[in-house]
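Note that the chains are named A, B, C, D and E in the order they appear, and that numbering of residues resets to 1 at the start of each chain.
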Amino acid sequence: MKENPYQPYVATIEDTWYETVGDRAVKTFKVTLDDPEARKNWSHRPGQCAMVGRLGIGESMFCISCSPTEGDFLRFSVMRAGKNTQGLHEQEVGDKITVRGPYGNSFPLEDWKGKHILTIGGGIGQAPLRPIVEYVKANLDQYAGLTMIYGARTSGDLCFRNEFEEMMKRDDISCHLTIDIEEEGWPYKVGFVPSVLMEVNPSPENTIAITCGPPIMIRFVLENLKKLNFADEQIYTTLENRMKCGFGKCGRCNAGNLYVCKDGPVFSYSTLKNVPEAFA
Amino acid sequence: MNNKPKIGVYVCHCGMNIAKTVDVEAVSEFASRLPYVKVARNYSYMCSDPGQQLIKEDIKNEGLTRVVVASCSPRMHENTFRKTLAAAGLNPYYLEMANIREHCSWVHENREEATAKAKKLVYAAVAKVRLLEPLEEKEVEVEPSALIVGGGIAGIQAALDIAAAGFKVYMVEKTPSVGGKMSQLDKTFPTLDCSACILTPKMVDVASHPNIELMTYSQVEDITGYVGNFNVKVRKKARYVDINKCTGCGACAQECRLAGTIPSEFNMGLGKRAAIYLPFPQAVPAKYTIDKERCLFLTRGKCGKGPKCIEACAAGAINFEQQDEIVEFKVGTIIIATGYELFDPAKKPEYGYADYDNVITGLELERLVAASGPTGGEIVIGKGEKAIVPKEVAFISCVGSRDESVGKPYCSRVCCMYSAKLAHLVTEKLPDANVRIYYMDVRAFGKGYEEFYDRVRREGVRYIRGNPSEIFKRGDKLVIKAEDTLAGRTLEDEVDLVVLATGLEPRQDAREIIDILKLSQSADGFYLEAHPKLAPVDTATDGVYLAGCAQGPKDIPDTVAQAKGAASSALILLSSGKVKVQAQISNINEATCRGCGYCVEICPFGAIDLVEVNRMGNIVQVARVNEALCKGCGACAAGCFSGSAQQKSFKDQQILPQIAVLGAMK
Amino acid sequence: MDNMKLAKEKVGDFLAKLGKERFRVPQETGGSSRFAPLNGESSVDFTLSNTTVPLKSLFYPQTETLYRYEVGETAMKAPGEADEMIIMGVRPCDAKALTIVDRLFSWDPKDPYYLGRREKATIIGLACQEPRVNCFCTSLGGGPASTEGLDILMTDLGESFLFQPLTEKGEKICQEAGDVLVKSEDSDVQAAEKVHKDAASKIVRKIDSEGIPEKLPQLWDSQIWKKTSEPCLGCGACTFLCPTCHCFDIQDEIEGLEGRRYRVWDSCMFKEYTLHTSGHNPRPTRRERTRNRINHKYSYFVDKFGVIACVGCGRCINLCPVNVDILNILSQVKEAL
Amino acid sequence: MADLEKLRAVAKETVSRDDVKYLIGWRQGTYGFRVSPHFITEPEEADKLIFSPLCSNNLATYLTLVEKLPVPRGQEPDTRKIALMVKGCDSRAVVQQLVEQGIKRESVIIIGCPCQGVVDLAKVEEKFPAVLEQVEARWDDGKIVFKLSEGEKAVPREEVLADKCLRCRYPNPVTADTLLWEKVEAESNDEYADVGELEGKAPEERWSFWEAYFSSCIRCYSCRNVCPMCYCEDCILDRLNPTWVNRSNNISENTAFHLARAFHLAGRCIECGECERVCPVNIPLMKLNRKLTKEVREKFEYEPGTDPDSKPLQASYRPNDQENFIL
Amino acid sequence: MSEQFEPNLVAFVCNWCTYAGADLAGTSRIQYPPNLSVIRVMCTGRINPLFVLNALQQGADGVLVSGCHPGDCHYMEGNYYARRRFTLMKDLLEYVGVDPKRFHMSWVSASEGAKWKEVVETTVNEAKEVGPFEQFQRNKINW
């Protein structure tokens, strides 16, 4: 990290594409840091975030949606929501953006070795889960298995669809795609993520479940995981409270006495269930 | 999707018109370095075919998504270039023009200064164009029918014209009969045709025309919608007479216990009628109506042993159970022809109208001289023994016209002439009578009017210039105190009859229509036309037109001319069958709207309404724009404190960057 | 080092000797007071009680440029080094507050802007003589003559000020001042102690903070929050002017061809503070926000940094327009089971 | 006058109604001369209600300050009425809110308290500094009587009343469902002397006057939040897209903030003085607001909050509005 | 000091009258100083008075608002609203000490090319008289 933690690195967009379209389109950016020294020193772990911005517009927090196992670049999947994200969406290959980080803790993937990994994502909430998937995929021999459940409102709202379809062809990964309502030509599941979870009916045995998505989805997924007899310690999620600095100064990201930027964003349910504000 | 905008900037030489004063080369070079600009070119005539071709090619080859043309005024060529964009498959509203000719090269001489300013204007256009949004040009279908409110001569004429063109017309008349004021007149100036003779056939046509649905004794309750698609709600008031059964024989009225006791409106209270009545013999439809304010049965629940009218009516048309009926229908256009009212002379107590029976108004005299009137055309004042035939008759003009003291600064345009007409009729009927007219000026501007005025003077009517200051009684006579300003003396004039030429004023109930249609009033209170010269029959609301005295005082020829104008405007709309809706209209962000209703009040076109919406389970009030009514003035946007109302293509977020550029570039 | 004394008529000399431009003193502008550079010839008015805007604004200004850039370029230029400051007339509670905020800003990673200024500042405190009604510093380990965070403690002895240097920085100032300062007598120190004691005895509002940090989390759903927050306006008066509040927002701003990214005070009492872009707000009403303000000061901060983030200056009580009174809330917390 | 028993009785009766959500009045504050808005839902809470010369808060603010939580699906929103105690000036706020359709008349119950003027805390606290015990106050024949621990102290009203009250022309509620006691007489007139004084100065002096204040503003938004007429869900002055005023605190942004705020209140400010009262850095905001109220009254003969049937000033016009400044 | 101060002025004008009037000045080759640049909106009713504040903040030394004469508004009422709004904004600016020479409003119809020139000249000359605007311009702030 830089000496002045507020000063970002300059990065160049190598590639960019739309994951989804519409008002709240999601655009993915693949970027590399300009400074070779910085590139060398940069290291992030799945689950961490970075502050990404455009000079003159502002910066916002995004999770780094790629795993370090993928290469010497960073990926962000940005949903258009307001001023900053709109500014980012305007950027194209070759354009410069600012990046600072990485921030926060990460998924304890080392500790999970030997376990079955189950990710349950909804909408843009798949972004923080993607690095886990990539990481586990790259080290599949070290894990007991990988199951993914991912859903969105419509097929147009699904991020990373191609990647999923690739994975669905593999028999060493179990992958379930779902959308909320029936659509013509949709070959996969239909229904809300929590119900698909019940349908998939994963065994809690030696499994870690990680979920991320809209608050309401998380609430029901947690309920259902309990029904499936997952212990609190087996369940992980990431919080996305509003942040400005990313390193514990600006104040706003706390959920109770937890600073999401430093203590999180990854939390086990056994921690969060005692924090009244966590699911507010 | 908001990809990075790719802007093309095209600087026009306009031959030497621009290039002579502005260094177009430098401007396009400058533009090429501006943010988001992909290409910047200059060319001799951008509006020429090859010029436009240049833009089209760049849109295709360079993938431009926005275009700035720096050339002449957008008032000149905005449409040209919009079409260029459209032809190349780009939304036409992705265009912004920088006016470097009219606002720059033609008004500045110094090349350096002009070039600097041109750069500034181009930069401002670039700053804005980046944020423009695609807009859609919509068309709406027009319902092939018209509503006409008011069945005076104006409404009648308009209805007949539209019906003749083959469109359906709904005519709504408040009173039991069509005809309006004209039906009360005896003869009409300047040709002295008998009013009833020329009007009655038209009234009958209205009632019998297959395309016209006549609703008398009816009132418009509500109108919603917009040009081409108005939804109209009309209340047909209960007449307590089934008009399908009533034969108009009048037996009922003869039997009515109140027969001959109720002052007749038509006869200005000079004659009497029954509680069940036909306003006048030629009324259309010739159907009786029960006056529910007066009818004993309806007011007290009892009429002797039973309503006599019921017994009298052989057709069994009387039905005391009848209720108001609401009918709804759709029309594409509306003509307002609700006419006028007369100034109440009691507001000028010095003329003694309220005190003396022999001070009357012009319209009352019309009834007195009319053969069909209460006196059978005899000019007599008072009744029975006391009745006299006046010998000394004075007219006073401009009563309630051109008079600031009663808030009527305008000229009523008909009083001079109807005074002359009535004076003529008096001398005709009472050859011995001495008739004089007190006047301010005589306005005889119409075709044949000056001639008519001359004729009346030749017939011995005396014109005295001066406004009477007072009228009082001395014995049997009325004394008019006045100053003859031409002779320069004051006089006291003893007369038998004073006729006040009362002015025309807006109807008391004019607000009803204003509230329903959000029409505007001009300072005098009459409905306001869209433009006094160029759009005299139009209103601010598209598809709504004005005819007759509803728009302002006028005589019958003008009324009819305007009615035909309104009918023709309505017909243009009806026969084209489609109407274009503005694209650069306003829109409200319902998420931030605070429901204060400012925009609703402000909108000159009544295009905004407050509606209740569900905001996460809570019911809140927000404003909503009716796209077909909005004309894109943007007044709501500037008046909205919360910034929720925004005009497309002129949004705050599009204008602020322009300001930033113009402010920063010194 | 010995205690020193500054005769009141020599205050001007003292300032001149050390260099006027280095000084920051309490000053009134408009209708309020804050620490600001000495302006021109004006001398210092030490009779002002605690400034409206707390001392923190010198170290952590309301608006602070993080770095500048030229529009379209990527080079970022952080502002230069902080100026040296001698801040004179600081009330002990404000100085103590700095020591609290220090913990946050030196939490890893360190905040270079704040700490840069901290390093270069010397703080000369002034013991309070007339505490205000809502002062309750003594309840939180402070006091009218508390020395925490000060380099020198100054006490008004009538004709002169007693200077008690507390740190190396403080001693250095005394040395630099040379003979403008004179050695104090033992009696002066005794007189000062009396002043301190008298002042402490004038503090009437009190709260026993014992147990509050532990208790607060248990009162999460208590009616206290609803009741005490009902009148709250959701403004920033209590937080902006609290010497220990430190939340900020980061924004970009462009003027002409120059741009900057800056931070600017933000308040947890604003509804936008935690508003998610989705429209979801984890603290949707003033109830949650009031609860967070108290919890943050009296519980979360204690968890993280071991101290209560309040020094009892009473500003939030004085300045709240609708009488949301932190002591009242705290005493309700104490009383609740 | 100020019959507390009646006030409490009416309040009790009102909150007992099924169609009333809560009632807002005043209660003694936690110390000294302070008073706090009092929200009551239970009849017994009415015993704490007061009405005294200390009750400056304009409670009409709370009609528009409610933060509406999402209503869970299947549940009905709570549409019960809110009951509100109002002084003359406060009632003008309610009327102006009605004029702007910000609230619906049938959704509020207005309990009117004819008022003889409330104190300016700064004036009082200067006279009686450092008072911790809760002080009660009452009106007494041109004087304000404070009940201090050392006994009652009567002070002539001119010495302690808020400036707005010394020139108040609407001491009686303009609209009310219940009037608690007889009306009081209004001051004769308001000549806008304070505004006139500043107008009389040279432009540079005027600017340096305002510059000092504007630059000391901390943008805490207290003034805006307390204002009963500033009820935008999303005020443009702290919106970022588009940005009208940057977040940064300096003379440029602060001035823009103040002028825009004042302008948004032109023809709407009902002169309750709350903005000035709440400002923690004592910016004389009424001097700014009143300039516009004065112009609005003189040029457009409009007085906000006095006529529920009027059209808002900035949403109406007269064809003959004066225009002598137009080229 | 040979360099004379050249003020930078921003004008907001309506499409139908003043913009057209300015166009007419152009077609008539009426010459006027180049210090003022125009932002076109459809109607004076669209001009948010806060634009004036913003222009002053962003670097304008003076601002002009111009539209149709009363009664001539293409949208009938827009200029009446504008007149009210700017009456108030003008008073407000003057009251806080912004020189009234920095803000003007005018009625210039589509046929008044010559009047447009006069208005521009007045606006420019008065801004010259009072010099650069510094009171609350953004770039006067030391970041």
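Following the convention adopted for this analysis, contacts are C-beta pairs under 8 Å (C-beta built on N, C-alpha and C of every residue); 3 or more make two chains touch, one makes a residue touch a chain.
Worth saying up front: this structure is predicted, and the values here are computed from it rather than measured.
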Moving only from a chain to one it touches, give the least number of moves from chain A to chain C. 1
From chain B, count the fewest steps through touching chains until chain D is reached. 1
Chain nearest the global centroid, as defined over all protein CA atoms shown: D
In terms of mean CA position, the chain most removed from chain D is A
Measuring centre to centre with C-alpha atoms, which chain is farthest from chain E? A
Rounded to a whole Å, what is the gap between the Cα centroids of chain A and chain D? 48
Taking each chain's centre as the mean position of its Cα atoms, how many Å separate chain B from chain C? 68
Distance between the CA centroids of chain D and chain E (whole Å) is 36
Centroid distance [mean C-alpha coordinates] between chain B and chain A, Å: 63
Any chance you could list the residues of chain B touching two or more other chains? 602, 639, 652, 656, 660, 664
Can you list every residue of chain C that touches 2 or more other chains, as numbers and ranges? 249, 251, 254-256, 262
Name the residues of chain A that each touch 2 or more other chains. 82, 86
Could you list each pair of chains that touch, in label order? A-B, A-C, A-D, B-C, B-D, B-E, C-D, C-E, D-E
Note: in the complex, chain E contacts chain B through residues 6, 8, 10, 15, 19-20, 22-23, 25-27, 29-34, 37-43, 45-49, 51, 54-55, 57-60, 74-78, 81-82, 85, 117, 139
Residues of chain A defined as touching chain D within the complex: 82-83, 86
So in the complex, which bits of chain C are touching chain D? 29-32, 34, 52-53, 62-63, 130, 132-134, 204-205, 227, 230-231, 233-237, 240-241, 249, 251, 253, 262, 264-265, 267, 270-272, 284-286, 317, 319, 321-325, 327-328
Provide the residue numbers of chain B that touch chain D in the complex, in ascending order. 523, 591-592, 594-599, 601-602, 610, 615-621, 639, 641-643, 651-653, 656
Counting only contacts in the complex, chain C reaches chain A at residues 66-67, 69, 71, 73-74, 76, 78, 104-105, 107-113, 217, 220-221, 246-252, 254, 259, 261, 263, 266, 268, 273-278, 280, 282-283, 288, 292, 295-296, 299-300, 303-304
